[in-house]
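Quick one: this structure, given as structure tokens, is what I'll be asking you about.
Labels run A, B, C and D following the written order; every chain starts at residue 1.
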Amino acid sequence: MDLADSAEEAGFRARLREWLGKALPTLPPRPSPADWPGRRAYDLGWQRMLYDAGYGHVHWDAPPGVRLVFLEETEKAGAPYVGANFVGLLHAGPTVAAEGTQAQRARWLPPILRGEEVWCQGFSEPGAGSDLAALRTRAWRDGDHYVVTGSKIWTSHAEVADWCELLVRTDPEAPRHHGITWLALPMDTPGITVRPLRTLAGSTEFAEVFLDEVRVPADHRVGEENDGWRVTMVTLSFERGTAFAGEVVACRRVLGELAQEARHNGRWDDPALRRRLGRLNAEFRALWRLAQWNVSAAEASGGVPGLAGSVFKLRYAQARQDLYDTAADVLGDAALDLDRPWVLDRLTSLSYTIAAGTSQIQRNIVGERILGLPKGR
Amino acid sequence: MDLADSAEEAGFRARLREWLGKALPTLPPRPSPADWPGRRAYDLGWQRMLYDAGYGHVHWDAPPGVRLVFLEETEKAGAPYVGANFVGLLHAGPTVAAEGTQAQRARWLPPILRGEEVWCQGFSEPGAGSDLAALRTRAWRDGDHYVVTGSKIWTSHAEVADWCELLVRTDPEAPRHHGITWLALPMDTPGITVRPLRTLAGSTEFAEVFLDEVRVPADHRVGEENDGWRVTMVTLSFERGTAFAGEVVACRRVLGELAQEARHNGRWDDPALRRRLGRLNAEFRALWRLAQWNVSAAEASGGVPGLAGSVFKLRYAQARQDLYDTAADVLGDAALDLDRPWVLDRLTSLSYTIAAGTSQIQRNIVGERILGLPKGR
Amino acid sequence: MRFQLSGDQRALRDGVREVLARRFGPRELRAAADRPPALDRALWRALGDAGFFALRLPESEGGVGLGLPEAVLAFEEAGRVLLPGPLIATHLAAGRVPGAATGEAVVTAVDGGRVEWLTEADVVEGGGGRGVAGSGAVALRSVDPLTPLHRLPAAPAVSAGPEAVPDPVAVLLTAAEQLGGATRACELAVQHARTREQFGQPIGGFQAVKHLCAELLVRVEVARAAVYGAAVTADPADIATARLLADEAAVRGARDCLQVYGGMGFTWEAEVHLVLKRAWCAPDVPGAARRVRSCWRASCCPERVAGASACTDGRRPGGVSMIVASTDHTA
Amino acid sequence: MRFQLSGDQRALRDGVREVLARRFGPRELRAAADRPPALDRALWRALGDAGFFALRLPESEGGVGLGLPEAVLAFEEAGRVLLPGPLIATHLAAGRVPGAATGEAVVTAVDGGRVEWLTEADVVEGGGGRGVAGSGAVALRSVDPLTPLHRLPAAPAVSAGPEAVPDPVAVLLTAAEQLGGATRACELAVQHARTREQFGQPIGGFQAVKHLCAELLVRVEVARAAVYGAAVTADPADIATARLLADEAAVRGARDCLQVYGGMGFTWEAEVHLVLKRAWCAPDVPGAARRVRSCWRASCCPERVAGASACTDGRRPGGVSMIVASTDHTA
């Protein structure tokens, strides 16, 4: 057991830190959250800077330990989040890399890495949330095209995306998991309607995407027809892997700021609050260790994140919600003011036990696939 | 909404309080917990005193409001618990009263009320716990007898009981709930072996009962053959009704003692502990109100405890465990000493989320039978 | 003891429920959440006509002459439909501020360092000369779209000075509103669990969801017993208990309801978030610790229990027994 | 970074596990719980032979020369089988008290106001002249049949005086034992959930049980990362974190395991209660609040972090890097 950087990691960390020190001051001002074209441009620009500096591939195929160093250092330096590049770098890209043809890799991967194209995700549907395999968006083969009709939901960045990784049902007669196909859909194809979806935080982070006889070239299919479920699982394992590790660093920073605010407004005098902050500090320290442990395990097993991601996500989701509930305790009445720090974050933290697999689904995964408990009737 | 005693309740309360003041000092010393014959004699003696004073029927067929007054006043006065009379007064007795023949009522009910006979319960089996309908103890009809073979578990007072209310399977071919019969088994019948069961508290509160071709007269059957499940449900609704209401009074007393101990040993200086005690105080105040609410509802609906007993038990079981965990916080290292007050109670409190229907089963009942949620596959 | 609603109380509750369902159903709630906060004056007057504000005012003063239990039932219904507006302040002002009883005046009150519905109110009570009506109050961007809030700049620091003792009736009525919110959360969760299908069955068939719903109900029922009990006794420890358990039932209930709703609950369209935000916005939700203390003090220190009369409505000293006894009317 | 067991560490853990399975399996555990507490001296010497006590003693002093990570692995295994005896005190005394390293002497230590295994011990450390060996110590009826306890009559009052700072290595090794207990609770629960059938299927098929088991595992895995991390860094805040999370994982794990077991868990025969009682008996379980404070202090106040060296083994100042580096041996 060793927590010290390897030679590779140490070198990477030093170079990255130095580069961040120079690069971050040159960034343009952050766009407002509602300015979608601005956000797209900002996020792509940041990815381009990373690419030019030799870091464009980090989320992609760097060793897990190096990637953890990247997450830690960028978060500590206050660098931009992956943002609009999330699906391209963490979902669609790795899927294409693993399952695509040579031609597909050549077409789709470089623009993702160079910060030129944005991808969005067309998986969930109104009737297929936790039960993703219940998806009903249909695709019929028509010559060298698929014709797609249906609707998708929870699609981030749909308004500004160039591509959508789309799951469709190509064989409605087959068992649920065996009639699904993975397609790359150009978002400027006729027949696509994007309707922004307002969240409880008041913003429009997601969209619904309606597809009305949308024609997708058959060579945009990744993997075999009706083999999309297996292709998808490759992608999801990335989402549940180390995707949240960087946020633990951010949570520890928030915790320090909360302690400062409590000292400032007098609530620090309440020993129960201090204890709650201390408990959270232990929680995030341990979660960071767990991230390191899981990353080392992934490294040892060839770089594929395992089921341990579900364990991490279950605990982290709870801890993040506790953190922002504690922030509300620190703020008192000010916790009702959306213009105060942490208040909006408290609202978005509510999604952590729901998005990317609810905590209930994660407990099923842990119970059945790690502990070997039966599925039950 | 009225929390004041009715005229009947007020009169009952005054008479009872006066009688308790006179009667309790005349009680013999309490036997040691391990002295089963002594406990039997003590508990029966107390029931006889109640009977002679006109209170023998209270658990039985008094209006629920009067019964609640009885539980409150006896607990406040430190009177004995129902003890070895529990099954007779609260399970078997009410069942015989509701479902027995005239002859059966005449044979079994007066000795229960007069404190002459002890009953125990033969429901659960090693393979039939939460799933009571899985019971496999078999009974064959042989002339005017049933011949019973099998084993029962969690049988309190089996060593000193005169009768056992016994569930047996008379039709193994029928659907699970339709082949069960309710029998009254004399505990001195040949073929019965009682093996005391040591609990995690180190005592032997329960026993296993092994039945080897035990002959039970057919006229000891209550209800029809194979109708025992329905007969049983009558009994269980009593168990989940107000059975725990008196304990709420006791818990509030314990809470006051904990506060005193905390002041004495200095832990009262910890505001988090004070807050925890205050939170528990609110909890038990509210539980008492809930008991009053449920009792009033039962009164309005003709005296049968409803499903609200499951709501009460779920919350009370948790509150009781919290109470004794808090007691351990108050005691510090002394919480490891079985000779200190509350330490043994902490151990027995562990059974509250398990016995008389686990909390998981109770949540099923609340979800399905109160909220109307589907059974699920 | 007959700790159940009387026939009159049931009729009163049903009457309030009927009026509210007609005037402020889910459609009106969603519409209200989609526009800048503004009070529906016509609805306010309709509430006045129905006796909502004058409920506890003696008949001799033109009121309905009912007591705390009836007020609790009415405010529970208001909480259940998330009825917006400074209902409690206006109710407490009935008979003292002209027009409050009839719903012609909207009365709000300063609560610690904040005021709700300041710009819509005709009268602002309290504030101790901190210039509420003047230029001092600052609008904040309220987390609840249906509870506009202003902050008072000269609010005392959190830990300074002795605690202000809130009006116990206001605390109890807030508990009643929270109980209503908790009930709504439970109803929404159960309805969703019954109808939403995943993996080929209603999600309420899965124990993970079913048991969340069961615990929602348990918290509601325990809080209900505590709130109704406090309405009958008007005992300060009972009121503190009621508020504590009703707050928990509302906040945790809304959270659990959101979990049952899954992604749908995260949308603005679903009303779940409004239930949660309203529960957060109840006055002094962070003051739970203080309330725990008062639960304890009032019940364990006999000298505090003697102070129970402090809990009855200030206008009517010794009014508790009157409140308990006066159940002969319906709104 | 390679935060996984090395091959040597895995071999050491497997070796300890194998010895313990042979010498103190479930049968021996049950037998020990059924008789008055007595140490198995032969087993104690076998542990000494296996290097359990001399694990961190330098080879130059006749020890195994390994570090904190290896000690943590060994104590986790001991905790997992609920091995009785003053293991930590004897381990800490190795090299200082004759016979401790080899398992010929049993060493216990005063911990606050109590001592475990007093009558079986050859040497009692600490106690500050409070007359442990004399007539002062009073036997109490220990809740854990495998942890006999004595109380010191002159123990200082709980809230008086500054806190004694416990040896950080003892705290960490206790965390390792608790981690082992938590692991055992998880293993027992999962095995029972797989095999016990009710309603026609293994109860682990029901989400209510499955999700309890999942949360058991989550607590174990988070605690494991914290404990192993603290073993590597020997940082005081890491150690405080490790203890806090390991205590929670053990106590709540045993409780949840008991719930999974249902009535069977309430029997003396099932070993579940022994897991819970051992978890309760870890030194200073009620001191969790203090540990939370030290998590916070050490990490948020830079001047405290500088004190990290206070955490290394007192016998070897500056020994952290040695501990981290010395992974070349197996027991």
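Keep in mind that, in the parts below, a contact is a pair of C-beta atoms (placed from the backbone, for glycine too) under 8 Å apart; a residue touches a chain by one contact, two chains touch by 3 or more.
These numbers come from a predicted model, not from an experiment.
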item	value
Contact-richer chain pair [A-C vs A-D]	A-D
Remotest chain, subunit D as reference, centres from CA atoms	C
For subunit A paired with subunit B, centre-to-centre distance based on mean C-alpha positions, whole Å	53
Interchain centroid distance [CA atoms averaged], subunit A/subunit D, Å	38
Distance from subunit D to subunit C - Cα centre to Cα centre, in angstrom	50
Residue list for subunit A, restricted to those that touch at least two other chains	270, 272, 275, 360, 363-364, 377
Multi-partner residues of subunit C (at least 2 other chains)	206-209, 211, 289
Interface residues, subunit D side, partner subunit C - complex	206-208, 211
Subunit A-touching residues of subunit D, taken from the complex the two chains share	1-6, 9, 69, 190, 193-194, 200-202, 204-207, 209-211, 213-215, 217-218, 221-226, 228-229, 231-233, 237-238, 240-242, 244-245, 289, 292-293, 295-296, 299-300, 324, 327
For the subunit C and subunit A complex, residues of the former touching the latter	112-114, 140-145, 147, 149, 151, 157-160, 197-199, 206, 208-209, 255, 258-259, 262-269, 272-273, 276, 280-281, 284, 286, 289
Contacting residues of subunit A [partner subunit C, same complex]	124, 127-131, 134, 153-154, 197-200, 202, 265-267, 269-270, 272, 328-329, 331-339, 343, 347, 350-351, 353-355, 358-360, 363-364
Subunit B - residues contacting subunit A, complex	270-272, 275, 377
